[in-house]
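Shared between the two complexes below is chain A, which has chain B as its partner in the first and chain C in the second.
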Partner chain A sequence: MLIAMAWRNLWRHGRRTFITASALAVSLAFVMAMLCFMDGMFRKMSEIMVDQATGHLQIAHPNYARARTLADTVPDLEQRLQTILAQPGTRAATPRMYGFALLGSEEETQGVQLQGVDPQREGIFIPFQDRMVEGRWLSGQPREIVLGEGLSRKLRVKLGEEVVAVTQASDGSLGNELYEVVGVLSSGSAMMDKSGAWLALGDLQELLVLPDQAHELVLLSTSLEPRQGDPVVLALAEASRASVGEELAIRPWWEVSPATATMMGTSDSTAWISMVIIFAVAGLGVLNTMLMSVFERTRELGVMGALGTRPARLVRLVLWESLLLGLLASGGGVVLGLFLDWLLITYGLNMTADGERMSSMGVLFDPIVYGVVKVDRIITSVALMLVIAVLAAIWPAVRAARLRPVESMRVDA
Partner chain B sequence: MKTLLLTLLLGTAQAADPTLDQLLNASDDVLRGDRSRAVVEMQVKTDRYERSMKMEAWAEGTENSLIRIVEPAKEAGVATLKVGDNIWNYLPKVDRTMKIPAGMMGGSWMGSHFTNDDLVKESRMSEDFDGTIVGRPETEGEWVVELIPKPTAAVVWGKVVARVSKDLLPTRVEYYDEKGTLARTMLFEEVGDLGGRVVPRSMVLKPADKPDEYTRVRYLELDFDSPIPDGTFTLQALKR
Partner chain C sequence: MSIVSVRNLRREYTQGAFTVHALRGVDLDIAAGEFTALMGPSGSGKTTLLNLIGGLDEPTAGEITVDGQDLSRMKAGDRSELRLRRLGFVFQSYNLIPVLSAVENTEFVLMLRGESAANRRQRAMETLAAVGLKGMEHRRPSELSGGQQQRVAVARAIAGEPALVLADEPTANLDSTTGHELIELMQRLNRERGLTFVFATHDPKVMEAARRVVRLEDGQIASDERKGS
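Let's turn to the complex of A and B:
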């Protein structure tokens, strides 16, 4: 009965209602598009900064993260890797080994950070094969090496030439070996481009005298956007603990790289702040409309009061009017918002003017960000808009309830 | 290598007490010929590994030296050439010579507690440090010399304290970092006959922060008279 009355009241000024509802709808659509874009950005960030960098989980010797001592390895690597790949919840896993060495060409010698990787498995994490500037990624054949772009310039080597690596192996001996340069890559990290070189894990194991070992086992869970404390990641950690035993450390990405976690965390609060600001502006429009409609109906509301309508009921009437306005707007807003989302998902948004890859904090981004739609985001924004519509109507509603019937009825309307 | 390492004691005190000057010069003459050839055994013990190597070393003054590994078989033929401030390693397995870049001079030499820098800098302590006698045999039982780096010197130590016995033999050198904390100690042990002179036959380098670790260099042979062919200290000779 009250709702029907509120609904009829709304349409007594059809055009005004329509305009206010449109403003609300547009702000809702805009918020949806913004969230869609931000979630796209977020997914991209998590791909680049988590999946492609730290992975979701890292398994290592408990001292390795702190001291990075050569001999602090994951032993019995092959068997452990097979167990981990077989356990449920593992999307991918790859071993990594790090070592410092002197790399010498015919002309130059440089200190480098060697990374021993499984060429095939590593490709699932970091698409090195797509980042080659020259030549190709490791094939898995022995004694191949891929150099960072800056490093290859410093060493002045060409593809097909040999470089010699010299290092102090884990047994104190002087490890040395020749490798053929098969490719040059731009990794996205300025530091690695300047001093990084990649070779097959087996080759590095041999050079460093660390057979069947690695420094890290990196895992991906099935979670697409792992957040700090992600239960999917934690479940995988749990499963891995059973697989690898107690003597190794298992760390989720937010422990490996707290800075990344902080950065990803702030993007969520940014979304909330923007959402509240946009809706607050739209809410002012609602406030204005409702205030006007209450002023116009001073006499009518006074009559209602005189007839015995309790103030609380008047409050509810005005709030219902605003809520219905909001519901009306959310219908149109969601339709428009979904259309904008569809555009973002299909065409993406280019973040640079010239389409070049952009770099942030030493990490290269593909400049086109594609939107990601999440139902819970839409529900949240609609709910937030409705809450704001109701909040905006509180003041007009209270005014309506405070009218003194006798005086109000003297007002011409 | 002995020549290199001992020189730090020997060439240091020109400006100091004349007694010390004489004392160090006397030692110097005993230990350093114009040219020398030595066979040494190096034992390295770390928390991670223990290894022993035998090498042959040639030296000419303080400027040039060549060290070639004889044992173990895996590393036999690996050689280090030092000429002035530069160090090259020769790697027979890949038949390559590699110059140690400036940034790598602080790195370990052959997995020992000695750095590449030690090979270069130890022979030039007198250039880089000012020496003062701070202890005498009457009070300390031996000579104690404190060496402070000259303001212009590019050295990693804040202070070096060297001790020399009444018999003019080095006994101990302490290296302090820039904060004044002891970083490592070198002990001279096994005084005995070597190449016709009475000298410490063995040197032990101990890092202060790892009490269980050390590198011991023991002289098996040392002679000052055997001829060293010209061209020994060249890159060509390094490969032989």
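Let's turn to the complex of A and C:
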């Protein structure tokens, strides 16, 4: 009966209720769209800054992360890689080897960071094939090299020309080798574009005299957007520990790059803050409506009190009215919000005027961000809106309960 | 046995610098089964007295005992409970809950008491029939005439079988014929069910119906007459 009363009370001023509910619904739809867009951003950031940069897990020699000594490698690479790939929970794995070298063309010489990669496997992590400015990505044939865009300009080499790499190998000997430039790429990282060069892992192993070794084994778990402390990543770390034994270090991405983890974490609190602010504004509308509604019913509430209605029940009546108002709004809001989400998922939002890739903190992003819908986000926003609707009605409800029947009934209807 | 016992009751309202003496020492006993009219001109203190007996207000001085309970010693919550369990109220007008139908208004008090839905609905239907509103149970107050609304108010007041029904000028907003019919209804309920009524009025015609007439003047009892029969 209390709920029925609350419901009917809402419709005594149908238009006012409708307007207030609409404001709530629009704010909910807006919050849903905002979260959908932000989650699209997170997903993209996560892809670029985690999946493509650090991977989810890195397996390396325990000293390598600190000292970056050439000889601190993962030994018995091929066999380890096979075990890792075979274990459940590994979405992808690839070995990487790093080394510094002087790279010389006919005209220029530059210090470069060489990356030895498995051309096929690396492609799963970073879509290098799509980032070629000229030529093609490594084919797996020996003696091929791909240069960063800036580096190729500095060396003034053309496709098909040869460059010579000179370096000190792990055994102290002087290593040198000729490679054919097969491609130039724009990696997405300004630093890598200026000084990075990619070649097949086998070639770099040979140059540095590190057979069947690599500096890192990089893994992806099945988690799409691994959060800091992600249990899926931790489970994979545990499985890998069993696969590779005790002598290697296994680090999740948030240990590899704490700065990235901090950034991804703050993105989440930004979402919460925006959500609370938007709903708080809508909540003020609810507060106003409920105050008016209680004020208009002073006499009636006084009569209810005179008949022996306990204050707690009057509080509940008003809170129910506000909750029902919120439920009404969430129906409309979710429908509108899903429509906006659908637009964001289907068409995305172009973040630049000219459609160029945009750069943020040295990382290039695609100009169009596509939305990502998460059911738990929708549930959270609806729940938060309902909580705010109820909170906004507390003051009016307490006012209703504090009315003294004698005085209220003196008020003329 | 008296249902209401009032001793040396005073109620003063302070308004800034000066004080209104609404009641200046009232003594009154009302026995179970009585049908008492509280007469007196506007401002004589009728509403104040009814509110005090109904536990809606607190006296400046004096004692009030209702249904064996000393109101001056009770907390607001307990007085509310007493109103709910033992008292029925009919106010001037506009005192039905507009969003509830006649039968829902009637069962409201029973709902507050926690009675089961089926039980209270049956009681409310019976009570509405007793006040002559059969067939109008599902109308909202806005779909009823003033006289019908006051009948619903009476039904609500008596549905819970209270020890005492307090009515403050229940006919004030009704035309005289309708007002008279309402008084007759209350009289009949008093006769047939032994319900105790105290009602305030300043309508001399209503007075004729009452078996006991208490006159208030300027916050004091000027006369207290019982008619034979």
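The rule we apply is simple: the second predicted complex is superposed on the first by the 413 of 413 C-alpha atoms of A that agree within 3 Å, B and C clash if a C-alpha of one lies under 4 Å from a C-alpha of the other, contacts with A are read in each partner's own complex, and residues count from 1 in each chain.
Keep this in mind: a contact is a pair of C-beta atoms (placed from the backbone, for glycine too) under 8 Å apart; a residue touches a chain by one contact, two chains touch by 3 or more.
Treat the numbers as computed from the prediction; the structure is a model and nothing was measured.
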Please determine, from the superposition on chain A, whether chain B and chain C clash or fit. fit
Based on the superposed arrangement, let me know which partner A:310 touches: chain B (first), chain C (second), both, or neither? second
Now for A:110: first (chain B), second (chain C), both, or neither, which partner does it touch? first
For A:177, using the defined touch cut-off, is the partner it touches chain B, chain C, both, or neither? Pick first, second, both or neither. first
Let me test your reading of the model: by the given contact rule, A:102 touches which partner, first (chain B), second (chain C), both or neither? first
If we overlay the two complexes on their shared chain A, which of chain B and chain C does A:164 touch? Say first, second, both or neither. first
Measuring by CA atoms in the overlay, how small does the chain B-chain C distance get, in Å? 83
Of all residues in chain C, which touch chain A in the complex? 51, 54, 56-57, 77, 80-85, 87, 89, 91, 94-95, 97-100, 104, 108-109, 111-112, 156
Chain A residues touching chain B in their complex are 69-71, 102, 104, 109-111, 164, 166, 168, 170-174, 176-178
Listed in rising order, chain B residues that touch chain A in their complex are 44, 46, 48-49, 51, 74-75, 78, 89, 91, 93-94, 96, 98-101, 103-104, 107-108, 110-111
Residues on chain A engaged by chain C in the complex (per definition of touch): 1, 5, 8-9, 12, 299-300, 303-310, 313, 405-406, 409, 413
